[in-house]
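Some structures to go through are shown next.
Note that subunit A is present in both complexes that follow, paired respectively with subunit B and with subunit C.
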Partner chain A sequence: MASQADYKDRQFLAVIGDEDSVTGLLLAGIGHVTSPPDNQKNFLVVDSKTENSAIEAAFDRFTTERKDIGIVLINQHIADRIRYRIDTYTQAFPTVLEIPSKDHPYDPEKDSVLRRVRRLFGE
Partner chain B sequence: MSTSKIDSLLQQYLSLLHEYTILRAHLSTLQSSLHQHLARANFSAQPGIRYYGQDYYDERMQATSRLETIISPLSNTPEFKLVKLPPAAAAAKPEQPENEPAQGKNNSSEEKQQQQQQDQDEKSTARSGGENDDHADVDQQLSKDDAGEVEGKGEGEGETETEMGNDDEKPKLNEKKKKSNDPLRWFGILTPLPLRQAQADAKKAVEDVIPRLASLSEQMKGLELEVRRERKKRAKAEKEEAKLKVKELEEKLGGVELGEGKGVEV
Partner chain C sequence: MSGAADREAVFPTRQSLGIMKAKLKGAETGHSLLKRKSEALTKRFREITRRIDEAKRKMGRVMQIASLSLAEVTYAVGGNIGYQIQESAKSARFRIRAKQENVSGVLLPAFESYQTEGNNDFAMTGLGKGGQQVQRCRETYARAVEALVELASLQTAFVILDEVIKVVNRRVNAIEHVIIPRTENTIKYINSELDELDREEFYRLKKVANKKQRDTAEQDAEMKARKEAQAQAAADGENQAPEAGANDAPADLLAAEEDEDVIF
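The block that comes next holds the complex of A and B.
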């Protein structure tokens, strides 16, 4: 299913979320900025002014361009804004996980894993 | 036979789903507690800090824990684990910038306090993170009150550590002092208790819950594929069985027709 080289170097988590969610997760010590001149961050703080295209670009960067990310965490309400992108994402690596945020509690109806479960049982 | 295999796969799948649901609930609780603590920290923010948020992120932050992925031989799906880098290893990483100007404004005694706190953290690993921080905070305040005594102790510890089989003591000591990869330090030296509680919640979520959730998601994906494959096999087998039956019936019918034909001829 996955080759050795595919997962070996994937040692970071990436976050796309609102400011509080990102702050919380960075406090846990997962934030990483690559060495210059790239200075690539592994997180994106999304607010009401952030364009959907910027979110999508970050999602693409974390899932396709960068080969050092193993899990992408995304706030569920932000995932909703690029739902078509999340639903059509089928790569083995990295794993995408939706997490709740301050203003939007976790909704199992929207969770992509539970949607897969429903599909398997033919609903 | 294939039905029982599908059933056992589904049984496995449902037990994974059960674990996933429990972990999801756990993550939701941790996240809401984290947000509450953050809100409390922001409510009683220290003077000079507007909001504990992105304005204070260190632009050259380095991850203090890394993901480890193992492909489980049984299910052929990845299993994630978050491993904390030892402070020395984090400093030795090539990506680590050599000098951190952000630390420039901290005077040496504050650096010693950090060092002391880290030492204490290492010693009392059995205690929980929140408790640790509390004790460290008390110690920090202590060291502020009667700086000489406690700092002296901290210095002594540092020296004994470096003396153990090291020729160039001073550079190593400096290097050790310079690094401070605790993200709490972005927000100052004495951070409020709610912020440290928020950090403890985030650590729990990131270390225990999230890697397991991701592994479960991948395992479930693998099982889904297997179930679909088995279902296809079963459908194929059923089709073939049906075809065989139709053939048998046709043959029987053909025999009857032939017999009737003969009867007419006669």
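The block that comes next holds the complex of A and C.
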């Protein structure tokens, strides 16, 4: 499989989330900024003023452009804003993982992967 | 018949019959092997989906605890530390590494988290107050991220297995419903053609035998006729011989008369 060749150097996690989730995850130590010329961060703070296009651009950058990201964490309420992109994303690498946020409880019904799980088992 | 059209383009010879039989046997072996592979993968797949379901629920709880500890930090520090943290993040301390696991020929990647030693971007965070809460919050979030990494590797395995199972099942079905019937059809076709040839050959031989018989009978009849004719001729000869002798005298007489005429 083609996707298995390039996963060796994927060693970072990326976050798209609200301020609290990003802060917490950065405290855990996943934040990384690439060396000076391009200075790319591997996290994006989304608030109510952030455009959907900016979220999509960040999602694209983390999933397709950057080759060093293995897992993309995204808050579920933000994933809902670009739901069609998440649903059509089928690659194995990087893995997109929907996480709950402080203000929005986790709803398993909305998760793309869990929906697939449920569909497969006819529940 | 629709089956008649669905066969391979081969000449109906004994050699290709042998090849087709070998092919059918190979297809059957391959089918049973692939079926077993698909079953093994499906078993694994079900296990993974079950674990994903569990892990997702667990993640909800873990994140809740982590959020709570972050709220504690905010309270203790007495202000929002988000901006400060975002600005001081430089190099990832918490990283992941992928390793492979082999499930009946399918390489499933699994993530493993590890923490690099030495670099600490947040040494100054909570220096004034709330340092203990910050420390606890970091530990809580590190545990949460570990759970997330585990979930992510399950999810990756899920996606890959899903794809592989689809491919394997497609192959199993193709062999079962296309290749095996077609090979069987071809074998049937070759057999029927060979039978047809056999019948043709038999009929031809019969015809040849008939003709030979007829010829022999004809020859016999001719021979018999000739023999009879000869016998007749012989019998006639015997009858004619005295006649000829009787005729001889007048002929001679005539000749003598003529001769005598000439002499006259």
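Throughout what follows, the second predicted complex is superposed on the first by the 116 of 123 C-alpha atoms of A that agree within 3 Å, B and C clash if a C-alpha of one lies under 4 Å from a C-alpha of the other, contacts with A are read in each partner's own complex, and residues count from 1 in each chain.
Simple rule for what comes next: contacts are C-beta pairs under 8 Å (C-beta built on N, C-alpha and C of every residue); 3 or more make two chains touch, one makes a residue touch a chain.
Small disclaimer: the values here were computed from a predicted structure and weren't measured.
Considered on the superposed subunit A, subunit B and subunit C are sterically incompatible, since they clash. Once the two complexes are laid over each other on the shared chain, residue contacts for A:100 go to subunit B and to subunit C alike.
With chain A as the common frame, the single stretch of subunit B that clashes into subunit C is 25-33; none of the other options in 25-33, 151-159 or 169-177 do. The interface of subunit A with subunit B overlaps its interface with subunit C at residues 1, 7-8, 10-13, 19-33, 42, 45, 70-71, 73, 92-93, 95, 97, 99-102, 105-106, 108, 111, 113, 116-117, 120.
Against subunit A, in their complex, subunit B makes its touches with residues 13, 17, 20, 24, 27-28, 31-32, 34-35, 38-39, 51-54, 57-69, 71, 76-78, 80, 82, 84, 94-95, 97, 181-184, 195, 198-199, 201-203, 205-207, 210-211, 213-214, 216-218, 220-222, 224, 227-228. Considering their complex, residues 49, 52-53, 56-57, 59-60, 63-64, 66-67, 70-71, 80-82, 85-86, 89-98, 100, 107, 109, 111, 115, 121-122, 125, 134, 137-138, 141-142, 144-145, 148-149, 151-153, 155-156, 158-160, 162-163 of subunit C touch subunit A. By the touch rule above, subunit A contacts subunit C in their complex via residues 1, 4, 7-8, 10-13, 19-33, 41-43, 45, 70-71, 73, 90-93, 95, 97, 99-102, 105-106, 108, 111, 113-114, 116-117, 120-121.
On the subunit A side of its complex with subunit B, the touching residues are 1-2, 7-8, 10-13, 19-35, 39, 42, 45, 70-71, 73, 92-93, 95, 97, 99-102, 105-106, 108, 111, 113, 116-117, 120.
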